[in-house]
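Take a look at these structures.
Consider the two complexes below, in which chain A is the common component and chain B and chain C are the respective partners.
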Partner chain A sequence: MTMKAFVEELSARFEVLWTHAQRDDLFQFGVPAVQAVPLLSYLKAHTPFIQLTHYTVVDWIEDGEFQMTYLLTDPVGRRALMICARIDRETAEADSLYKLWPQAVTYEHEMNEMFGIHFPGSPRMGLDFCLEKWTNTPPMRRDFDTVAFVKEMIPERPGREFITTRDYIGQKVGEKRLLHDD
Partner chain B sequence: MTTDPSNLVEGAPTEVNPEKDVQLWIGPQHPGITGNMSMQIWVRGDEIRLGRTHIGYLHRGFEKLIERRKFIQAFPIVCRICVPEPDTNEYLLAASIEELAGLEVPEKGLWLRTLVMEMSRLAATIQALGGQAGSMGLGLVPNWTYTLRDYILDAFEELTGGRVYHMYTVFGGVRRDMPDGFKERLEETLKLIEKRLPAIDNVVFDNAVFQKRAVGIGVVKPEWVDEMGISGPTARGCGLPRDIRRDFPYLKYGEIDFDVTTHEGGDIFARSMVRRGDIVESIKIIRQILARFPMQGRFCAKLPNMLHWEVPKGQTFVRAEASRGEMSYYAATDGSDKARRVHVRGPSYVHAMSLLERMLPGTIYSDMTPMMVSMQTCPPEIER
Partner chain C sequence: MSKDDEWPEIHGVPDVPGWSHPHQPPAQHCYLGEGSKPEQLAYQEAFAKLKNWFRANSLSVLAYGTGCGSIELRPLATSRFDYERFGFSTQGTPRQANLLILSGYLSIKTLKRVIRVYEQMPSPKWVVGLGSCTINGGMYWDSYATMKQLDLYVPVDMQIAGCMPRPEALLEGFAALMTKIKAGKANGYIDYTRRLDWYRENQKKVIKDWDLPEYNW
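Let's turn to the complex of A and B:
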């Protein structure tokens, strides 16, 4: 069965919003956020797409949405499905995959810290992942201003005295020998 | 009493008792820890009751930096995600953006990329095998393997101009052609590695100390592989022939003849045996690349001005087999001259976090380091 036919079959059970064949072994499609976890549960239980290979989020700030991106691999059939579901950027809440794939805990822990997305029921929400007691805007959000943060948090050092190579050699050997323009 | 509901080990304790269990922090400054991470463990006597991986000591915000820079400026960033094996990251960044931009790489560029990918796999695998022996007190072997790795770094220096970080892969191909006489000099290095392998067998695999500390220790069950997304030698050590080079062929791997090394048992010994086999296969692959390498033709496609290069809106996912397992990149573009999102997922994201935490309960404290080394856990690829 082709990937396109496979996704068409899926669309009888779930609302598929758009589809795109990126490569022969990679098919992408979008679903409403409420259907994402039921769809992933179905794929894991009834199809060869059993491995959660990638799980991340993209900040589409201009649309006011986050795109949750799930990548499932069929290790035997050697193909992959990329499933995209958009959630509201303000509420920033998505269903957890922790009960389906235990390693999802790490992904969700990181997304919670870096994007401020809450996954109800996921065990490590609110705990530090790699930042320490972070209270600012979640740093991977597009509206987090890295330059302003650095200016606020890190005092500017005067730096070293700047001297050009030309001036340095001029001081050492004399301007006349260096310039060759006389 | 502390309880952690995310601990999923069947039959293992999910709670610790402060009156009986001692909490230990190991790392990040500790010779037994693989890189800049720390382990928080609770032990009762010698037995680990619960373990947690802590990262954050090396967070440099690579993914955020990439979003704020032009595509070509991302190469000096991504190679630093993995010190022993930077070429995988360079290739994956290039492959993902080239796919979205519709940029074709010339034949010679593909062969050169395959060559550096396999050379870096070989260097990292040799280093890991020495590190495994060193973690059990067999200090002679790392001396041998680091010397051999250094010979490969010499070859990298000649080919790319850099020893550790190469920044050799660029969009459209690679930066430089193969120098004259490089094939012969690389062949000499391969012969040196082959010559040393029987001695490594004697000192490591036939050694009762190594066997005692590796057989039956740090067991990964085959059913965990798909459930947790385990890959590389850790999956192949469970007897499962999982290899991205064969399962999802990229570059020239589809045209090259090689075997996927597997071993039964799922323990440290099995993973080390897989690495021993991987060294032989990598040498075989490099010899085929050198024999079939096209001396004529372009090594890089004609490129647009990289400082004004805009990539059409899209998203994709690419993967490659690093020495530690599957390395993959998700890239999304928005039609501008910068990436909207690049997400890096290295094998340690699973191996050092959820898998290690799953394996630790019930383990003896002194086995923790060999277990971590056997999975080549690498913090920079967790906290990018």
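Let's turn to the complex of A and C:
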């Protein structure tokens, strides 16, 4: 069965919002956030896609949404399914996967610290992961102004000049050569 | 004149004018009241030089591999470059070491551990910072999680530039540190005790969850 036919079969059970065939062995599709965990548990129980390979979140600040991304792999057939589910950026709350895959707890712990996403029921919510006692905006959110934070919080040694790689090479070899290469 | 000739030979207690007994200093060198400064004896100066010479030639290293620069310490410590030739030895704990090597960038989280480790080391002690990251932040310039200037938080006696410095550069840096110790100019540990308040203020500025004791003895 091709991946496309497989996803069409899935759409009889779940609401598939969009599909995209990125490669022969990698197929993407979007589902509503409420259907993500039922879909993943169905895939794990009844299909060869049993391995949670990647579990992450993307900040779509323009749409006011976070995209939860789950990558499931079929270790025998060497295929992967990428399932995307959008959640609201304000509430930033997603369903936990830790009962399906215990290792998801670590991913959720990290997303909780770096993006401020709350997973109700996940065991390590609110505990420190990499940062210690972080009180600012979660640092991987796109509205966190890293440069302003660094300038305010971390002192720097004066005298450091900023020069782009292009300018530096331009000084070294001359602008003529650089233009010629273009 | 060879380098060894710079250091005076010591054969017992030298003759000092005014000495009545070899184990009793003359009166004018003793404490004479408030405001007086005891005179530096010739043998004291020579003895200080001798102590520094010993110290420079028996450095016990605690290598704190905070970043990628620590990968260059492996060839340095093992058979290829072998810094034991110069009297360096590797120690496992801060209590037994007197040279702290901080290799590479330090996150704020690591900085707290480094302060703890540094204060546990017995004096005299020295700090070497490897790589651009400890000098001015290096490639972690705009990182929210790393410090950009190490000598604000612990006194650094020698900085070795490079991203990252090769073992040859490290050997040269250590040789420079040894020269500095012999000359009695590597006094970062004295500066740390004298200006502890200033260092503490800088440390507390970046470490938000400060829960260390007054001093980590």
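Note that the second predicted complex is superposed on the first by the 157 of 182 C-alpha atoms of A that agree within 3 Å, B and C clash if a C-alpha of one lies under 4 Å from a C-alpha of the other, contacts with A are read in each partner's own complex, and residues count from 1 in each chain.
Following the convention adopted for this analysis, contacts are C-beta pairs under 8 Å (C-beta built on N, C-alpha and C of every residue); 3 or more make two chains touch, one makes a residue touch a chain.
Keep in mind that this is a model prediction, so the values were computed, not measured.
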| item | value |
| --- | --- |
| Partner chain(s) touched by A:Leu17 [first = chain B, second = chain C, both, neither] | neither |
| Touched partner set for A:Tyr98, first chain B, second chain C, both or neither | first |
| Partner touching more residues of chain A, whether chain B or chain C | B |
| Partner chain in contact with A:Gln51 - chain B first, chain C second, else both or neither | first |
| Partner chain in contact with A:Phe149 - chain B first, chain C second, else both or neither | second |
| First (chain B), second (chain C), both or neither touched by A:Met125 | neither |
| First (chain B), second (chain C), both or neither touched by A:Lys133 | second |
| Partner chain in contact with A:Ile169 - chain B first, chain C second, else both or neither | neither |
| Shared chain A surface residues [contacts with chain B and with chain C] | 130-132, 139, 146 |
| Complex contact set, residues of chain A against chain C | 130-133, 135, 139, 144, 146-147, 149-150, 153-157, 160 |
| Contact set on chain A toward chain B in their complex | 22-23, 25-26, 28, 50-54, 56, 58-60, 67, 69, 71, 75, 78, 80, 82, 84, 98, 101-103, 105-107, 123-124, 128-132, 139-140, 142, 146 |
| Interface residues, chain C side, partner chain A - complex | 108-109, 112, 135-137, 141-149, 152, 202, 205-206, 208-209 |
| Of chain B, residues touching chain A in the complex | 4-6, 8, 55-56, 59, 61, 63-64, 67-68, 99, 226-229, 242, 247-248, 314-317, 319, 326, 328, 330, 332, 340-341, 343, 345, 349-350, 353-355, 358, 382-383 |
